[in-house]
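Labels for the chains are A, B, C, D, E and F, by order of writing; each one numbers its residues from 1.
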Amino acid sequence: MEAEKKRVLVVSAHAVDFVWRAGGTIAQYAKNGHAVKIIDVTLGQRGESESLWKNRPGISEEEVTDIRKQEARRAAEVLGAEISFYDMEDHLLTFEKTDIMRLALDIRKFHPGIVLTHSRYDPLNTDHDNVHKAVIAALRIANVTGTFPEIPPTGQVQIFTFEPDQPDMCKFIPDTIIDVSDVYGVKLEAMKQVPTQAFMVETYGRRTAHRGSLAIRFKKGIQYAEGFARVRPMWESSLTERRGGEMILQSL
Amino acid sequence: MEAEKKRVLVVSAHAVDFVWRAGGTIAQYAKNGHAVKIIDVTLGQRGESESLWKNRPGISEEEVTDIRKQEARRAAEVLGAEISFYDMEDHLLTFEKTDIMRLALDIRKFHPGIVLTHSRYDPLNTDHDNVHKAVIAALRIANVTGTFPEIPPTGQVQIFTFEPDQPDMCKFIPDTIIDVSDVYGVKLEAMKQVPTQAFMVETYGRRTAHRGSLAIRFKKGIQYAEGFARVRPMWESSLTERRGGEMILQSL
Amino acid sequence: MEAEKKRVLVVSAHAVDFVWRAGGTIAQYAKNGHAVKIIDVTLGQRGESESLWKNRPGISEEEVTDIRKQEARRAAEVLGAEISFYDMEDHLLTFEKTDIMRLALDIRKFHPGIVLTHSRYDPLNTDHDNVHKAVIAALRIANVTGTFPEIPPTGQVQIFTFEPDQPDMCKFIPDTIIDVSDVYGVKLEAMKQVPTQAFMVETYGRRTAHRGSLAIRFKKGIQYAEGFARVRPMWESSLTERRGGEMILQSL
Amino acid sequence: MEAEKKRVLVVSAHAVDFVWRAGGTIAQYAKNGHAVKIIDVTLGQRGESESLWKNRPGISEEEVTDIRKQEARRAAEVLGAEISFYDMEDHLLTFEKTDIMRLALDIRKFHPGIVLTHSRYDPLNTDHDNVHKAVIAALRIANVTGTFPEIPPTGQVQIFTFEPDQPDMCKFIPDTIIDVSDVYGVKLEAMKQVPTQAFMVETYGRRTAHRGSLAIRFKKGIQYAEGFARVRPMWESSLTERRGGEMILQSL
Amino acid sequence: MEAEKKRVLVVSAHAVDFVWRAGGTIAQYAKNGHAVKIIDVTLGQRGESESLWKNRPGISEEEVTDIRKQEARRAAEVLGAEISFYDMEDHLLTFEKTDIMRLALDIRKFHPGIVLTHSRYDPLNTDHDNVHKAVIAALRIANVTGTFPEIPPTGQVQIFTFEPDQPDMCKFIPDTIIDVSDVYGVKLEAMKQVPTQAFMVETYGRRTAHRGSLAIRFKKGIQYAEGFARVRPMWESSLTERRGGEMILQSL
Amino acid sequence: MEAEKKRVLVVSAHAVDFVWRAGGTIAQYAKNGHAVKIIDVTLGQRGESESLWKNRPGISEEEVTDIRKQEARRAAEVLGAEISFYDMEDHLLTFEKTDIMRLALDIRKFHPGIVLTHSRYDPLNTDHDNVHKAVIAALRIANVTGTFPEIPPTGQVQIFTFEPDQPDMCKFIPDTIIDVSDVYGVKLEAMKQVPTQAFMVETYGRRTAHRGSLAIRFKKGIQYAEGFARVRPMWESSLTERRGGEMILQSL
């Protein structure tokens, strides 16, 4: 069982949302030999590339897009994940029915057991809400036979939403905390591949450490952590226990 | 790691609350060699023994208490759990400071990694709320050195609240579902040790099957299940995945 | 069935909380021949008698209590309800176990089908919270045989909580709106029996009209209404529709 | 008043959602001479017809649709309800503005007093959410004169949302429980008209009994029940009471 | 700082939603020399003009639109605000991506510091929800450089949602109460410019007084008030205090 | 108005809860000449003094209490606040009626306009909940004339609850963020007065910086911040905008 390879899909609204919010978790999966694929819906070319627009007057949207795509590619590579691009328009990112069917088909083909994506409500950035809703819709479509009868449907996928930039405004309360202490160096390296949003390295470095210091009351020695909220409850074979400051996840 | 013995404490307000709500989970722990201890705070002598009061006019509270204690003992034995009694008064069950300190001391001595108890809000039965609050208070007291300096404090305990009789009124939404299909026969046998509340066998038999049929969309082959809600988030080493209709809980 | 007499119990924290919040509903029950009993836990002698304390320097708590008791009596009489007094201390009103048992016993003896009382959370007045919790606890005690074996237990009582003074702060959202247009004159007359809180006549007159004007979108001709929130769901024989004579749902 | 004929509209996302979730309530209305009309938005041809897709390789979407339409027709007939079909595409079911206007016009023509439909949030099936939102939007459009000036607008309609497949994940808490014991045989017969989803007969049979056993604490003799949540509060002439284990719904 | 001119944008779904819900606050801004601009998305020609449709059979949608536009213009003028019209269709009001981009561009050009608009959830009127969502989406687009690189982006805008017609159904709980006592005459005058909805003058007059009487417990002398709910938390230099029945908003 | 002296009361469950959670805000008040008084209900002698109990075997509760009292005194002094001690027992801290009356009397005498205290729900530490409830109860008692007729009652006090140690578990969502950048040095110095909990300096230093980095999206230049949640809504004379000198809302 230890040897089984997990398939993890990350759906990210903008260029490198996946790095700040889930870079450590992605790195951990990759490091342990699991398959991680990122779908980058947009490059955040309009709305998350302030330094380019401000510092290089006259820059075109295409140029911004190219720069961000390279950053996203390098960050994904550092984390050990495959990445593909939908090249959609951000700010405002909307999903037509055909876009959701495309996503459903890609999910079906990749056949993930786990999906990481944005949370449901973000009053600061509608693109994030829209990605969440598209993923939820697509997961159901990928899970039933009759939509793409020629391709085997997925199983029920476990969905984890990542912590938004302003969790309080988004009413985001994590119910699952992932210890990323041992791969934090990788996350840091990935964050450094994104000079367009260089200030985020400090912000999200501090946040990852803050999550770690919240968790240290419960898990001895943790330094860095990332928080997620499940969309669905857990089905377990037994209630789990942590002992002696260590986390022990085991089945009966 | 497989061999490590867990210590599970169940705090039950009335005689056999623990059987209806968590009997399968308790049986599963016991079957796998873990130590389960039940603290039965009252025998439900006044408020959960209707058939005795109705069918045996003139019965005394002491007689009712004795009958219920025997039922509780037999049920615990069938499940494979140790049981101890606080012999407090039910309807209304209230906790003075000394009662909470007693509970804290017992928790400290037993040193559990997991606690199962009532949920936080039950507008139909204040005894249940009061047990929840007492357990929450006691867990903290058991966890700090200075309250009983001579006894080593517990670690941080994972708390699971069990499903109340009327979950909707209690705003109870389970976030963890335990598959008890393989020990359901034991739960059924334990329920049958309680003739005073004989009608509950059908009610809770149906409920355990209902929880199972809700879960079958997510876990192939499940027949019986019990639902719990965590008080605290989970700390994990990795996000977990279920594959092919099976639940796979593993660490990286 | 039309002829069946209902038994309605109102538990009011202070002198005339019952008038402002539920006076119209009480009057309507009484007018239709049902039995309404008010338990007045305190006279609001310390905390809801500002004009007496301010305008009559040196007045004693006993004098205030007497004046308020007379007001409460007159108001209850106008509404057509019986009233009894617990003469407990307000600000802070606390319930010992014996106080809750007393309330349970009185509930058992009165044998109500409906209870009206304060809502669960009032960050402006802890006395209100405490009455709510005491009523919830007492209702269960009154409902089980073994607490007072010599007196038949009540059935399951339908509980309605009345609108608090500051509903928004109390997170109070009514789910049941009672049309009191035809008895508003009685409510007004009852409110006028309370010179100690004379300013409330305008405040609660306006509120009762405001609730009416919210409801007029749904029921033609309604002028005055009172709002309540249920603690338990409704059990019905069919989903109700209000068309024609009784309940008129139509646009303006 | 007994003789007044109610008009009940049921809007169902897929083939026979209406049977599992509200079949007993529909049967009860029909049995009592009320007019029930079902609008079946899709036949669940892609997403709720797994056995057809799995057991009959190469089956076309048209064939699946035909089979499901016949099942839906037979089930509606057994329940005593009229049914009409929108023949829209499921998985993903989306509503364009023209689709909502069509629904509004049909609502206006049918002129219901009660509407039963899906609940607001279903993270497992976006089609359900989308139907809920379309119904809410259409009800307002049907209620104002200026949208279809030639047809009289509806009154304010009472909306009840039915229990979703996974109520906990949908944060669905019923506030109205309908006793369907006396028509359960009809519901069972209707469920048996749907061989494509034969496994649901056991699942929803158990659920209907489970809802009944939850309610039995409040209504003597209830065996089967269905749960609903209102979107709007109730306007009543008086607070209702249950007595002696019986539910008594009466006006003053 | 007193002299600084604020820029306030009001986005109103229908003709004069802005008058009933925020007329006093708008008048207060205008009176103090701040710039208030109203964007009227529709004229409520179909859904909020019942008296015209009912009393003038055969009236055309264009005629209704014209009448309502004049009312809206006169009301805005009385309040002291600029108004512009989008002339979109109401009931159902939907926003295509281009509509949201238009709104974003207008926000960018007006460069507000404060936005007043509808709240997030209105199960009685989907047009209101849709305006809320469009405004939230547009504010982000207006705030980032790359969407309209030639126009300076706005800062972070403080958003206040106004009280809906049926606040309880909309789960609306105000967190900010504005004292409009000194400009209530202006609001009343503005309301009188709208004969099509003449009955609203009494309804919203009473509501504004009701909000005032709720607030009087906290602010001496207040008579009329309007309630708002923030979408985002406040950033402050110090916690604020009210003293002696007066509200004192000051920095350290 | 600038010159008016505010009176700020801080009620802290344990020794220096006030330092970690609100030290910057306290320092800011004090620096600006306002009167800040801390009531320290316990010294956290049992439950928040782990290092003393662990490193000095055999230490008595009295010795621990003395050490913690000195730390609290020094920290208060650094912040510029007065401090008084109730010397109650922690873990479990409970409030009898007489304790609440004592607190009410002290509030009445101090006559605060602002109170800072613990939030309402803390499943990790019941002492915190109990302090919150005691403060809420006491504030009402302090606000009515008849409880202590000889002392003038307080006005309505604005209550702010401070961020708990584990905000997510406590469902704490701040609605008010205080910029403490300019007094962070003072907070740091105060934190250093508490060698018993030396590890907290890093934890809460990081948290204060984390709150600052969340806020920087909304206020330029902010470095350190503390979060609070109001219990009551705000009453304001106008909706506030923060532009220019005082509050700068702009994108990065």
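Just so we're on the same page, a contact is a pair of C-beta atoms (placed from the backbone, for glycine too) under 8 Å apart; a residue touches a chain by one contact, two chains touch by 3 or more.
Everything quoted here is computed from the prediction, not taken from an experiment.
Counting C-beta pairs in contact, does B-C beat E-F or the other way around?
E-F
How big is the gap, in whole Å, between where the Cα atoms of chain C centre and where those of chain F centre?
For chain C versus chain F, the centre distance works out to 37 Å.
Where the CA atoms of chain B average out and where those of chain E average out, how many Å apart are those spots?
Roughly 52 Å, centre to centre.
Residues of chain F that touch two or more other chains: which are they?
In chain F, the residues touching two or more other chains are 168, 174, 217, 232-233, 251.
Kindly provide every pair of chains that touch.
Applying the touch rule to all chain pairs gives A-B, A-D, A-E, A-F, B-C, B-D, B-F, C-D, C-E, C-F, D-E, E-F.
Using the touch definition from the top, list the residues of chain D that touch chain A in their complex.
Listed in rising order, the residues of chain D that touch chain A are 45-50, 52-54, 61, 64, 91-92, 94, 123-127, 168-169.
How about chain C: which of its residues touch chain D in the complex?
1-2, 4, 6, 8, 25, 28-29, 31-32, 34, 113-114, 116, 155-156, 158, 160, 174-179, 215, 217-219, 222, 225, 227-228, 230, 232-251
Which residues of chain F touch chain A in the complex?
165-166, 168, 171, 173-174, 202-203, 206-207, 209-210, 213-214, 216-217, 227, 251-252
Going by the contact rule set out above, which residues of chain B touch chain F in the complex?
97, 100-101, 104, 133, 136-137, 140-141, 144-147, 149, 231-233
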